[in-house]
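Written out below as structure tokens is the structure these notes cover.
Each chain carries a letter (A, B, C, D, E and F) given by its place in the written order, and its residues are counted from 1.
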């Protein structure tokens, strides 16, 4: 497995916005590790970007990744 | 990625009602980041707004986003 | 968005039973905010009330909403 | 809404086994509140009891209800 | 309901490995309580063991059960 | 059940990256314990690696496993 799974190898981010970006990246990188072929992933991306329920599922996974990242950052309470 | 993902860049809100509104917005913004084409999103919105299970899925994602926001706000216990 | 999303604007309830009622209401109000047309919602309700998997999905969302409400109330440990 | 949603109106149980039974009951009572017609529910029950993925979904909901009940009981650590 | 739902009536295990085994057993026992007929369950097992998405769903439920068991055991931090 | 479910029998890892790798492995090992036939799993793997929604489901399960591992490691806050 050579795909980097956690960019920067940390869950700590400067802000909720960056935490959300990390959540999206982490969700995508698991897909990449599972299906490493760029062409196949691009084709599938075109499928789910036009499928209402698949898009909602993407949002679901990002929500779960974000919950972990938010907890790691003590919710950026400052 | 130019879509803002967390409006105001904070999870802190004044009340549960505003926290719930933020949860809905955050869920939608991930969809927007994944499918940036407004026309496609509007068409898909029309699909899921008339599909019982898709609507329940939307509620599911909002529930997860809200769990994170509620924890961030110590459940607005006051 | 004019739908009230959290009745009473608080997650605090007197008992688990009332917390559960709030979870059901909050789950429904997100659906209402997403599909504000009462007629469409009534039709869809008739669909999912006769679909085993959709009913289980409803239970799923309520379970997640309730988890948040229960944490907010310290599980009504008294 | 006249269906009791939380039998005994408490999440506290004497043991994990009883907590698990409560999780199953609470999951079922939400279904009952959503579809109060006993005949319809019995027919649907026959459907999902013979559908592999629906049965797994039932297990999913019970797992989430149980997570809340287990936290409420401090995991019965004794 | 005569199916035992939590073997040993405790969430405490000696190790993560045993915790994971308990998660799998608990997930299966809810299915058994919902569909007590061994023959039907065996047929359905043959179905989901050859269905990619059903197998992933099984993994999903086990992940949730394990989250609860891991928290109960303070993650076996020692 | 002879499949090892938690490699190394610990949830503690040196970094988020390794925690993520463990999450992927743990998710796969539950599938293996449920469907021990290597040939069947390989065929199913080919199915879900070309199915957008199945891939998203895989990401979903990994996200949940990772949430547990991240909590076990206090989010590698250092």
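We adopt the following convention: contacts are C-beta pairs under 8 Å (C-beta built on N, C-alpha and C of every residue); 3 or more make two chains touch, one makes a residue touch a chain.
These numbers were taken from a predicted model, which means no experiment stands behind them.
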Between subunit B and subunit D, the fewest steps along chains that touch one another: 2
Cα-superposition angle relating the copies subunit F and subunit B, to nearest 5°: 120
Intercentroid distance (Cα basis), subunit D paired with subunit A, Å: 31
Length of the line joining the C-alpha centres of subunit E and subunit F, rounded to whole Å: 16
Residue list for subunit F, restricted to those that touch at least two other chains: 51, 53, 57-58, 60, 64, 67, 71
Pairwise touch network: line, ring, star, complete, or other: ring
Cyclic chain order when read starting with subunit C and heading to subunit D: C, D, E, F, A, B
In the complex, subunit D residues that touch subunit E: 15-17, 19-21, 24, 49-53, 55-60, 62-64, 66-67, 70-71, 75-77
In the complex with subunit C, residue positions of subunit D that touch it: 1, 4-6, 9-12, 26-27, 30-31, 33-35, 40, 44-45, 47-48, 51, 53-54, 57-58, 60-61, 64-65, 67-68, 71-72
